[in-house]
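Take a look at these structures.
Two complexes are shown next, each including subunit A; its partner changes from subunit B in the first to subunit C in the second.
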Partner chain A sequence: MQEKNLSFNNFEQCIKCTICTAYCPVVAVNPLYPGPKQAGPDGERLRLKNKFFFDENLKYCMNCKRCEVACPSGVKIADLIHSARRRFSRNIPDLRDRLLANTDLLGKVARPVAPVVNSIVSSKPVKAVMDVMMDIDKARAFPKYQRKGFVRWFKKEAADNQEAYSKKVVFFHGCSTEFQHPEVGKAFVRVMNAIGFGVKLVDEECCGVAMISNGLWNQARRHAEHNTRVFREVVTGEGLPVVAVSSTCAFTMRDEYPDVLDVDNSDVRDSITLAEKFIFEKVDSGEVRLAFKDDYRARIAYHCPCHNEKLGWGIFTKALVGMIPGVSLTILDSHCCGMAGTYGFKKENYKYSQEIGRPLFEQIRSLSPDFVCCECETCKWQIEMSTGYMVLNPIVILAEALDLEATAVANSVR
Partner chain B sequence: MEEFDVIVVGGGITGAGTARDCALRGLKVLLIERDDIATGATGRNHGLLHSGARYAVTDRESAAECISENMILKKVARHCVDDTSGLFITLPEDDLGYQDTFVKACLAAGIKAEVIDPKEAIIMEPSVNPDIIGAVKVPDGGVDPFRLCSANIVDAKLHGAKVALRSEVVGFIMEGDTVKGVKVLDRSTRQVSEYYAQIVVNAAGIWGHHIASLAGVNIGMFPAKGALLIFAHRVNGMVINRCRKPANADILVPGDTVCVIGTTSTRVPYEECDNMVVTPEEVDLLLSEGALLAPCLAHTRILRGYAGVRPLVSADNDPSGRNISRGIVCLDHETRDGIRGFVSITGGKLMTYRLMAEMATDTVCRKLGVDAACETARAPLPGSDGGGLEETAKKIWDFPTMAQKASVGRFGSRAAHLDFEDDKSGVVCECEEVTVAEVDAAVERLDVCDLVDLRRRTRVGMGTCQGELCACRAAGRLAKATGRAAKAREDLKSFMRERWKGMYPIAWGETLREGSYTQWVYSEVLGLNED
Partner chain C sequence: MRSDTIIIGGGLSSLVCGIKLQKAGQRCLIVSAGQNALHFSSGAFGLLGKLPDGTAVKEPMRSLSFLPEEHPYSKIGVDKMAGYVSETPAFFESCGVRLHSAPIAGEGGFPANGYRLTPLGSLKPAWLAMEDVTLLQSKDNIPWSKALIVNFFGFLDFNSGFIAEGLSRRGVDCRVETVSIGDVENLRKNPTEMRSVGIARVMGKENNWKEFGSKVRKLSAGEDLVILPEVFGLGDPVIIQWLREMIPAEVMFVGTMPPSVPGIRTQMRLKKAFEVAGGTFLSGDTAVNPTVEDGYVTSIHTTNLGSISLDADNYVLASGHLFGKGLESTPSKVVEPVFGLDTDFPSDRKTWCDEDFFARQAYDGYGVVCDGSFRPFIGGKSVRNLFVIGSEVGGCDSLYEGSGAGVAIMTAMSVAGNILSGK
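This part shows the complex of A and B:
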């Protein structure tokens, strides 16, 4: 009689196997967090009965999505948790949460005075004050702001050349490329140009992932609507893909927009991709050829960020970096680094954040690689601070390892 | 040999309510139940707190009783009641003209019925069929029959009543035409004992027919089976009814963490009353009609199916029993049949149990010459003396945990007596958030003998997993409390069989997947193969 009993509320597909809780990095270290099974499908039934059953401890969820990767029944557990927070939380984001969430605004304010800001936030007395006044843990190292952002460099140095390429991609650079790591964006442009693709920037806004984590739902939705609208013009209008270099940006814009923020992106979702996936697929299909330097040598350990595990795209980075002759690549065990964007900055989470990442840090130390490869900037901050090993985005490694001239020739560029 | 003023036969809601009322009026009471509390029709219905609107057009008397009891229960049984309000919807295939008749009849019976714009109704209750052409809001709600029955028993005991569960009346002790007591078989020891009382009240529901026959009295009862389906979560916040003459599967009631669609109505032979099975035809009917109320039912996971038998008293040859009054029948067998010291209270419904108990107790008091007023319309049940869920929980704990909140939902203010210290705060049932504290308290204080009894008092095993994770933990606590591990193991088996019985009629999709997983956990992980 019932043709299908797949509920719209997909938590009903949960058969209580509890694998999600076994895989949750938070529940293992923080006794206050009820775990994904309880916070997600179990809690949802209780919350439907009475919103009094909403538990504010759901804020300890890092949104790493490892529960969803583990779930054999396809339950969107973390989405349930975040949608519950959105509907029921009575916590109003405080100044700290608002500052941490507005990664783009913070960047714009800090940039003109970057050297001052960088030295201030790394000074011990200021850290002590922030610890007490704002609950930002004093042990946390801050990423350095750069005075010259990526977009300014692009307009000055690269924009004029891009029209020459018949094939193009839209580059979603994200906040960290613009404000802290412009070298990632520069590397992206060089590599794309070498393989025959022009780069186009659009009027992007922060993907909004930090706003989602910090409960700024309305602002996050505005960003989602803006980006989706902008993408729609280039994707459906010009048939271009949107390529990101941060796995979390790509993941958020593909999946969190519809699942958590109720923003319909179905017409652009499949065109949002990650640089490593884009390049690998071009190479794999024979459309693009890569020529590497003869003398490049490196021992690299690859950490796949949780959101890239959720996307299932770590395999592209592994394959791409593995193509480089002279590289010895070790895939690190699947472990969350504990940073989870702005989560690890917060005083109440700092201790847990370090405990969660410990097995990863220990493995990196024991391997002692030349550097670590990772697509996520906040994993980078956590790993660099906690291990002392440098972390590079794969696109930076590729730009370094490729013979760009020879690659351009191989792809008949100019 | 112990003598009582009154012996009440039947541990359903009518018997529990009557025992409580008698005890509150100072009588010495013994309640006898052959199985456990709420095992018959009490635990096998919608759990609907009727406003009376359903009966307004066809049965004015029942409607008036319902609305009066509705308002009383919202006060005296707060922790058992969910004040959701309800809708009577008109679909395109229904006669919209009936709505006018319906509203007039409601108002005449004293039921606040308010015609609302269908668009507004869809906003109030998003799960409702969006094609509705009419909607009326009425003060319907939900009531948890297990909780209600248990609270009545607790209060009866607090007022001196004795309760004998698993005790079956096998005969009457008669002196001529006068009932002097009952012969009772203790089902666990197989011993027959005699209990004496001045009055015996037969409150055995459909089994009252049999009890009466033991005293040589015939009550023409009409066993009408009603089947229902439980869905795995609450799809609706308000009760949804069809605005037409009462028919099959036209009420969807939200209850605790689930919602229930029902019912059917079919006459069944007496012999089948002890073993009700939901048929595939009934499942089809409930689903197709249910999806007209809330279309999402067509693809919502079903937890189980169950059926109960209404204790209707026959009036004519109505084949389905739909048209028999749900009115209360209180029979003094002295005037009716010439048998002294014997009263039967039957008919009626869960909703009017308190009034039935009052009528039965009034009859008992009149016969005993006791002059005591009924208190049950004013005196709150144990647990219902506080405010709502949130208020009550915050009165007990500054920062209640999920499990503490859930325990207040089940026990009201009595949750304050639960011991959540140390090892007692562990969760036994994860779906329904039942802790060790609650399980232990039920075993110690609420006459729990096996896992099924425990389920009726705590909701252990009533959630999505249907015992997959909780039944073995609960069996462990039971074994610890009783010191009888082998019995707990047998209990566990029969509990899981009982869960499967309800899942079997709807065993497809996720329910079947979960059932298979459960079977694997119990046979392969816990090594509990059938032997």
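This part shows the complex of A and C:
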């Protein structure tokens, strides 16, 4: 192999075929974005000569990774773009970007006064002020903060029971489970317990994906180093897997840490997984058996989030949800919803964000499912706001469709 | 994770094979590392344009007997080739891809080659064409005397001057015009990204293609032929039909630099047909670490799925030629990287290529050595449940022969047939 001839981000493998641009959701709607080929490998060649060639319009990249999935030459195009932003951008994140990036801090501040915050940010006058003062688009609906977070529930209701299980997993709940959707975490614990696994929490910090998007590089790196260190203790020390319920958290902690933030996670990367992949592997190997309710009925449309397309793990959700008797499952066309984390909140992106997601919204409306299944919370916010259809994390669907007691018996749990 | 058949590669041959198997009730998994050669398609499929000795072919089915025995078509045999060739248009139609052949059929009702206009203004043989492409009956006679070539202002990937030069040599009087459309002008904010697919997206909007059509109609007064770039109908090729109806002269669409709009449309529709039939398509994933025991492949893995073992009764390798990385060259060898299959290449490295870039290149003819059922060998030992299809198959130089799509479709249909009949 000629490894010595390759740069760390292999831009010289690009053959200029422009296939990446053909699959870029942003370039299709926003003419200000230079497109993945120009922003990635073409620009990198110039930037190596002189940082003067860095273009601040690279910020329009949503980091959906569709360019990398499409590239016939294996170029890490989005990594090129975001590592260039990290190395060369002179843009100093403003208050809005800092607020949006700090999903965990924002959650901690908002939680004690959740009902007030929720009603304030959904009131029209406040939205108008945020629109003008902070460039957060007034048409955007905010996810609702929950007063009682997941961790508090876990400590009070579930933690004591977990010691009884001989097999364990570490649960990376992520910010949205803690602050907005504790039901996802509760569902995770119920399902894991039913299939014979105890759940352990560690001192996690936000995965940092929103910090990467918003250019808070040092902070993102600190989070990456913290999480990787914490995982190292349980992965190499106790041999436990780290299981997430958000595909974006899992993706970021596996691949963005080394590729964009330059944080070495090689000893823990393969142990970071997604709930659906974890459960599927156990079922496929015969270690775990699932017993479903007889009377569960649902017509479900599955939207595979971009980061799960990149991970290549959508097949596990498809397989697991497809196992439920009484479910009719339609796989939606592979299409970005346009939200891309905090991207769709921003006034300058809102219009493009809706335009990117339009084909997906139209397909959902035409199918008229009972609800949509998706592993990503920000896709959920976008789809729920834009279509009115409810979006459920697959683990919530499983918790609902499984006969948990029968499953526990089938797996010889107590 | 279990499938009936696992196909490595996501291009034309892979999708044809996968759709055939899936529709016959098998559970198929396709592992595709990045997009494929359909993205470089001219908009037409070749079956056989030239024999290996350079003789031009008018009717491919009548020329099969002149092919050497190691040629994939010879391995399939004339009778089965006849069946697959006849079946192809209806097969693609059932996947939402409409193909047409030359206006006049050859002997026995089998297609004669038609001729498509190339971006250099020359004519090349083709077997079947997508809706964009017009096939002419003869390569010597262009039935029009005056042509208008229209490009979008600022679009660098469609060289109207080359087409005009080539056609002028054939006695056609050519005129070149450019047209500006507001939304297309918008794309020029990033001139490097003003590419075929971007224009095609913009042209998908009704007001845009109508504005373009009416501008071209005004320009085309008194012309016999109007030549436009292949940048229409990315989502729905009906726009191509509407433009033809709107413009009074004969309208021909000619290929641009990649990516190919008709090629991407075809790829999207075939992939959709595969998934609608229940197949699983892993995008952006690479097959690695196969296990081969006693002449049988028992499992493979992929980069994304890590430790999960993918098992199947049969495996199909459709990962492309050197350009698609289905084959790789080292200073001394041509290797097939997934299984390490035996390949056919001369040991003298100097004979691999001609320094004249435009000359026929020997390496285009290298490929995986296969038996009559397209089963490959490892170290001279046959692998019984692995089949090789598409450009990776040795025994022919499909670039030279103009048989790339033909070999892809024929080998895919043949292998699907063999798998289904349990041979």
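Definition applied: the second predicted complex is superposed on the first by the 405 of 414 C-alpha atoms of A that agree within 3 Å, B and C clash if a C-alpha of one lies under 4 Å from a C-alpha of the other, contacts with A are read in each partner's own complex, and residues count from 1 in each chain.
By our rule, contacts are C-beta pairs under 8 Å (C-beta built on N, C-alpha and C of every residue); 3 or more make two chains touch, one makes a residue touch a chain.
This structure is a prediction, so every number in the text was calculated from the model and none was measured.
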Which superposed partner A:42 touches (first subunit B, second subunit C, both, neither): both
Which superposed partner A:313 touches (first subunit B, second subunit C, both, neither): second
Partner chain in contact with A:89 - subunit B first, subunit C second, else both or neither: neither
Touched partner set for A:118, first subunit B, second subunit C, both or neither: neither
Partner chain in contact with A:330 - subunit B first, subunit C second, else both or neither: neither
Which superposed partner A:12 touches (first subunit B, second subunit C, both, neither): first
Partner chain in contact with A:53 - subunit B first, subunit C second, else both or neither: first
First (subunit B), second (subunit C), both or neither touched by A:284: second
Residues of subunit A that lie at the interface with subunit B and also at the interface with subunit C: 17-18, 34, 37-38, 42, 73
Interface residues, subunit A side, partner subunit C - complex: 17-19, 21-23, 27-28, 31-35, 37-38, 42, 68-74, 270, 281, 284, 309-313, 315, 318-319, 331, 333-334
Subunit C - residues contacting subunit A, complex: 1, 33-36, 39-40, 186-187, 189-190, 192-193, 195, 197-198, 201, 258-259, 264, 272, 275, 280, 282-286, 302, 304-308, 324-325
Subunit A partner contacts - residues on subunit B that touch it in the complex: 232-234, 254, 256-257, 283-284, 287-288, 296, 298-302, 389-390, 393, 402, 405-406, 409, 430-431, 433, 463-465, 468-469, 508-511, 513-514, 517
Contact set on subunit A toward subunit B in their complex: 1-9, 11-18, 34, 37-38, 41-46, 48-50, 52-53, 55, 73
